[in-house]
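All chains are identified by letter, namely A, B, C, D and E, in their written order; residue positions are counted from 1 within each chain.
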Amino acid sequence: MAASSRMESVMTTRSTSAAPVADQGTLLEVSNIEVVYGGAILAVADVSLTIGNGEIVALLGANGAGKSTVLKAISGLASADRAKVRRGHIRLGGEDILGLAANKLAARGIVHVMEGRHVFPHLTVKENLLTGAFLHRPSRKELKRQLDDVYAWFPRLRDKQSTQAGLTSGGEQQMLAIGRAFLTQPRLVLLDEPSMGLAPRIVQEIFEIIVRLNREKGTAFLLAEQNAALSLAYARRAYVLDTGRVALEGPAADLAARDDLHRIYLGDGP
Amino acid sequence: MSEIELRLTGGIGEGVSTRKLTGIAVAALVVSLPFLATEYWINAIIVPFLILSLAGVGLNLLTGYAGQLSLGAGAFMMVGAYATFAFQLRLPELPLPFALIASGIVAGAVGFAFGFPSTRIKGFYLIVSTLAAQFFFEWLFLKFPWFYNGDPSATISLPAGLWAFGIDLNSPHGRYYLTLASVALLTWLSYNLVRSQTGRNWMAIRDMDTAAAVIGVPILRAKLQAFAVSSFILGIAGALWAFGYLGSASVQSFGLTRSYQILFIIIIGGMGTIRGAYLGAAFVSLLPLALDWLFQQLLGGHADAGLLQNIQKVIFGILILWFLIKEPEGLARLLRRQSGNFNTRRFPRLKIRRQT
Amino acid sequence: MNMFLETLIGGLLAGTMYSLVAIGFVLIYKASGVFNYAQGSMLLFAALTFVSLTDQGVPVLVALVITIVVLALMAVGIERLILRPLVNRGPMTLFMATLGLAYIVEGTAQGLMGSQVKALDLGIEDLPIFLGDIMISQFDLTAAAVALILVVALSLLFNKTRLGVALRGVADDTSAALSIGIDINRIWQIVWTIAGLVGLVAGLLWGARQGVQFSLSLVVLKALPVLIIGGFTSITGAIIGGLVVGAAESLGETYIGPFLGGGITPWFAYALALAFLFIRPAGLFGEQKIERV
Amino acid sequence: MRKLIIATLLAGGAFMATTATLNAADVTQYIPLPTYRVGAYASSGELWWAGERDYFRYINEVEGGIDGVKLNYEEFETEWSPDRTVEVYERVKAGKDGSPIAFFFTHGTPATYALLEKAAADKIPLIDPAGGRTESIDGRVFPYAFPLLFSYYSQASTGINYIASKVGGFEKLKGLKIATVYHDSAYGRATQPAVELLAKKYGFENIQIPVADPGNEQSPQWRQIHELKPDWVFLRTWGVSTVVGIKTAARFGFPADHIIGDVWAGSESDVIPAGKAAIGYSALAPYPGGADFEIHKRLKKFILDAGKSDLRDQKYFGAVNYNVGLVNAALAVEALRTGYKKFGARPLDGEEGRWAFEHLTIDENRLKEIGFVGLLQPIQITPLDHEGGGAARIQSWDGQKWVLQTDWIKADHEALRPLIEQQAAAYAKEHGITPRTPDTETN
Amino acid sequence: MTTPSPPALEVRNISLAFKGVKAISDLSFEVAPREICALIGPNGAGKSSLLNILNGVYVPNSGEIIFEGEHFHRMQPLEAARRGIGRGFQNNALFSGMSVADNVIAGLSRHARATLLEEALLLPRARAETRRFRERAHEVLGLFNLEHHAETIVATLPYGVQKKVELARAIVAAPRLLLLDEPLAGMNAAEKQEIADIIATLNRELKLTIVLIEHDIGIVLKLAHHVVVLDYGRKLADGAPDGIRDNPEVIAAYLGGDKVEIAA
């Protein structure tokens, strides 16, 4: 809470299109987690972070800094990768969620859009979206309404709805993955490298939509991104990871203003 | 002999002298076994156990060490048995031990041929090749009278029985020593092999074949070698099974169930350990007897034999699952854990070397 | 020429019987990555359960319902006791586990229901019908029709129902499925149940042909070459693989068999499958995977 | 590890010791039975052992044993695996509870083959009625092998004789086409030399068509039949391949009443699953089906109705495989009775068992006494002839039950005997056996 | 480090696509003998794919590789090893069921001469070879201070140690070119420094040409003589490390930023 109030002042100094809704309290709290792969490889040494309701938080860092692992630890997908959270706590709305299966967490409102999109390649775009919507077992009518809603957000997807997802472009796949995630009606979306491998124009488009979703639906986002400048432009707060630890944290604007950020990325970190 | 036993059973952390002494004791026991056990135990349990162990060693080289799953162990055993028959029948002047070796070579060549698809096919697609061998040889050895010398029931048995260099091996003791000698020798050779560069190549392929290729392991050659050596051993095991144990054999003696049995031996005993083949074979040959005995005790012989057999089948299945789930490295690992050696898995060699 | 055509058509139709068995494999392999050797035993178990019930005088529909319930329970058990503990293990381990499973299912089936051959009459007349000079088996035609119906039913299930779409999702990408809330354990249970049902259909047809008995479980050996040729992941592939194997066996036995003394069917399909593997290591409809290092 | 080996060995030793010292006082004859109630052949095995055990139980409980000696029969499951039968043999050959074994039922041709030499060395007779190695009929070369009742050659010959009677005489056989559809195994091919011989003798065309195991798809074979249009078909299949064979024949329009199955293709489990296609199908029956024989009345009264039967389902009472068990058991009992007459009423050992079997005679009178008239043919076994019967009845399936068509039809022994002797002589030469001269056995 | 001698390795117009998706497009660069050349760039830039092409695991769609003056359209893994190209993997690809020493000795496979029979019968040549290999392995393990782990099964060792074992395996056969894929990944700072020092030593003492991929740019820039920056399968920059850190294109590739704003 302290962190977010500290940020209020920063917010006013931001003058971009990003204007996230005000937070109403802590949604997710990660404290001092340590994550190990296969019993030996230390991927995350000590990471703590909080996400407020309806907040966009960026998780920055170079390749291999541990961003994806933190996301997987939160979403419960770590166990599918034979990774284990060996220490620390993860709480959602104050409740300990560590060790819950990913599908159970999805039902509680945490959805993970993995690096590389992970759409179902043999399913059509529409079917991909439907898989997301099934979670809450909507009626046929409700289902249609929700689909239309997503198509309204991502008009490209409507055009491609009967194309096999594996045959769509990278940007479309990213939109599809986000749209599919949104149909699970999440409170928190974990977004891993949404910009990876995409043309800048598409990245821009996707980030705009994220911000709009955040503003209009009040969904919180945790963005793991290598592209610091971009993320900092849209996030409210940010954490910078270096070799499995939090090296820097603070309001996005403050971090963006630092000229030494690239040192963490390009060596000689603080 | 003692050296083999030493290596077979050698743990770490014991003094040299005690190890040597126990080694000698075990060797003495093994050699004098015929005078301690009844004929029934030798004929019906110990000899088949030894042969199954050998077959387990053979399959383990291919599946446990080189990582190539095979469902055709029976086929290669069959080739060995029929080849020995052919040599003994048509080249009677060739002494039995040489006939066995020659049959092993024939089986090895066949294994080499059926291993050839492994250079292109990976994973369990490969079971097609080994199953093809299984069905093909079942057909071949039934189809052409040449292979069974026109015997009306297509059964083979050695025309002159078991003789080696003028020694009659047809008695239970003779068969025991023939089997023991072959099994010990081949186990020793296998042991040397798995510790050699070839053995390392096999394990490298098993553990990560792409990496193996990249660091210069000749994948093709090593895989084919694994098929050939494995089939060589299986072939000799098959000949022993046919003539040392059964006395005569037909293709049914080496059917698909035999292939599964050998595979189960190495799953239960432990993939990639020579010792595991022995443990697995002991388990597989003793479990039915033990269950039989148990049910006799519990039910006093009033139980329906068929039902018992079905129960035994279920127990077997459960054990296989249990081992795969709880102890993928089999009995060998289980025992090692009992004796407290964790890290020094398959390679107590260096220390032994230094001591001797 | 007529002889050839008749052999070919007969073989193709007989091949659909293989396809029926192969479809069960494909379902399970797609959804849970397991090459289920126990499919043959499950087929025996399903057919035996059904026939034992009807032999006891249980009405057909009731027997069907009970069989389905039993199969569903078995699927749940398999998922809990075998698939879950073995998750993340290699395909070979899973394959060997199904060998163990096959032992359990066979032992249970025979222990509970005895080993007498049970007759099964599906009421299909099997007198030859003639198409010009070419003779065609009614039974095989029926089996082909059943296979067709099954394929249509499965494709409807997969494409038109929520369950089916979720199921295909799991087959495509399990972690993505998990991340959006699909309960993959439940999906596995359902898939294994469906595979059991497909096994029941195949078991009943094979059973009507040769009696319901132990050797039904051996048809699994026929399915393997079918899968190799058709690929492990495609139902269409399973159908086409079955047709290819059926036709090849029939033609092979008729035209090649005599030169080799006959009785070549047990290995002929395997030889064919091997040849196919050399040409296309992932089968006709399978997908080549790119290896990441 | 070492400790484990030693412990296992010690435990094994102790186990052996306890079994060996169990010495019972009462006099019983030990009869081990390798059985197969499980596995691919269980459907015949299950009934078979019900029959055998029911008859032994009847002898023990109703007749008070054989001359007061009770039978101690023990079952060992083998799944019809020859290897496991060998193991059982090794386990029991020394006898049990003070009784040696007088003979060993192999219950399967492959097992007989596997044990042939062992048993000869151990001097234990191998009993394999309607199976075994055909040339072992020649007891001079094979003193310890007894392919009783109905050898594979007799099967061929009986079948041809039956066809001759159907077509109106042996001379009508000339020019006929007789096809054999056989299970492609040693068993399936066992009649080939005899059929060849008879084809030459009578001038019919001999067509042989193999079916690969397990034989669940036989269209190519029957399409061939359809093309070749034989007059008669011998069906020499086993298990599933019989059912599928009969059904496929119907599908290709080959009339069932021109198919003759052999012994092991002629039980209920071969025809019931084939449904209507099997109506009219005939089979050679050295073991006829049916529950109307005298022995069945006795068994029904004393065993079945007393709830002592091994039969799980009474509807199989009188089924062919059940009757196989009865007949085999009766052969064993009568042989033992013969032996007790000579050696006294005490457990016999293998050599005495051989003598007993070699002097087994069951004539019409004896058949009547034991209630087997019509079910078992008259038998006379001699050291020269270990078959002793060589006849079968023909039965046809009417959709519900087997209906006997003929009385006993004898095989053409004169034609077959030279073939048998020739092969036995070849075996003797190959294995360095000097044939016995039966004259030296003056009993 | 500019050398007038011909390059040890030259990559010429290499393109690679998976199912139509381009991973590498028309990439060319040179590696001078005895230099450490670092490949850097964001995730998915095509770096690992390039290494895989260099030793024959992947086949490029077009282009060629020139290694020590010889031209190859495609390498075969075995051929690459025979020609002295060593390789370390990203997620270490050790033979997990084997001991440390055996892992390293496996790297000597292409020098093995003893036949199967000699090995099985423990004939002199096989024994001598085993002894020689073992000595060599221990020599190399000594370089990494791993001798006391020689008989340990690698799967039971910590990740950092495994990485060293992998390096040892890659150099045991004395390669002339060493390809390393993220040799420092997943390690703590002290371990990273240790490995970096080892790599520098190898390069200096054994006169080894090294091509490596690494994300810890700080270390890379200190270690490498020559840096090639990739993004989207294209070459972004190529030159001495000094110039790279301040190259705006490189910073943009890593941090994003200006470029995006401009595009918007």
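Just so we're on the same page, a residue touches a chain if its C-beta (ideal position, glycine included) is under 8 Å from a C-beta of that chain, and two chains touch if they have at least 3 such contacts.
For reference, the UniProt names are B, C = Branched-chain amino acid ABC transporter permease; D = ABC transporter substrate-binding protein; E = ABC transporter ATP-binding protein.
Quantities reported herein were computed from a predicted structural model and do not represent experimental measurements.
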(request) Would you pick out the chains that touch chain A and also touch chain B? (result) C, E
(request) Report the chain whose mean Cα position is at the greatest distance from that of chain A. (result) D
(request) Please identify which chain has its centre, taken as the mean of its CA atoms, farthest from the centre of chain C. (result) E
(request) Could you quickly compare A-E and C-D and let me know which has more C-beta contacts? (result) C-D
(message) Report the inter-centroid distance (CA atoms only) between chain B and chain C in whole Å.
(response) 33
(request) Quick one: report the Å distance separating chain A from chain C, using the average Cα coordinate of each chain. (result) 43
(request) Find the geometric centre of each of chain B and chain E from their Cα atoms only, then give the gap between the two centres in Å, rounded to an integer. (result) 41
(message) For chain D versus chain E, what separation do you get between their C-alpha means, in angstrom?
(response) 72
(request) For chain A, jot down the residues that touch at least 2 other chains. (result) none
(request) Please list all residues of chain B that touch 2 or more other chains. (result) 138-139, 143, 210-211, 214, 306, 310, 313
(request) Hunt down the residues of chain E that sit against at least two other chains at once, touch-wise. (result) 57, 89, 93
(request) Could you please specify the touching residues of chain B with respect to chain C in the complex? (result) 69, 117, 120-125, 127-129, 131-132, 135-136, 138-139, 143-144, 210-211, 214, 256, 260, 263-264, 267, 306-307, 310-314, 316-321, 324-325, 328
(request) Provide the residue numbers of chain B that touch chain D in the complex, in ascending order. (result) 9, 11, 22, 25-26, 29, 33, 36-41, 43-45, 48, 138-139, 142-143, 152-155, 157, 159-161, 170, 245-250, 252-253, 257, 275, 282, 286, 293, 301, 304-306, 308-310, 313, 335, 339
(request) Quick one: which bits of chain A touch chain C in the complex? Just the residue numbers, please. (result) 75-77, 80-82, 101-103, 106-107, 111-114, 118-123, 127-128, 130-132, 134-135, 180-181, 183-184
(request) Show which residues of chain E lie in contact with chain B when the two form their complex. (result) 55-57, 77-78, 80-82, 86-87, 89, 93-99, 101-102, 105-110, 112, 114, 116, 119-122, 126, 129-130, 133, 150-153, 156, 169-170, 173
(message) Touching residues of chain C toward chain B in the complex: what are they?
(response) 35, 81-82, 85-86, 89, 91-93, 95-97, 99-108, 110-111, 115, 221, 224-225, 228, 260-261, 263-264, 266-267, 270-271, 273-274, 277-278, 281, 291, 293
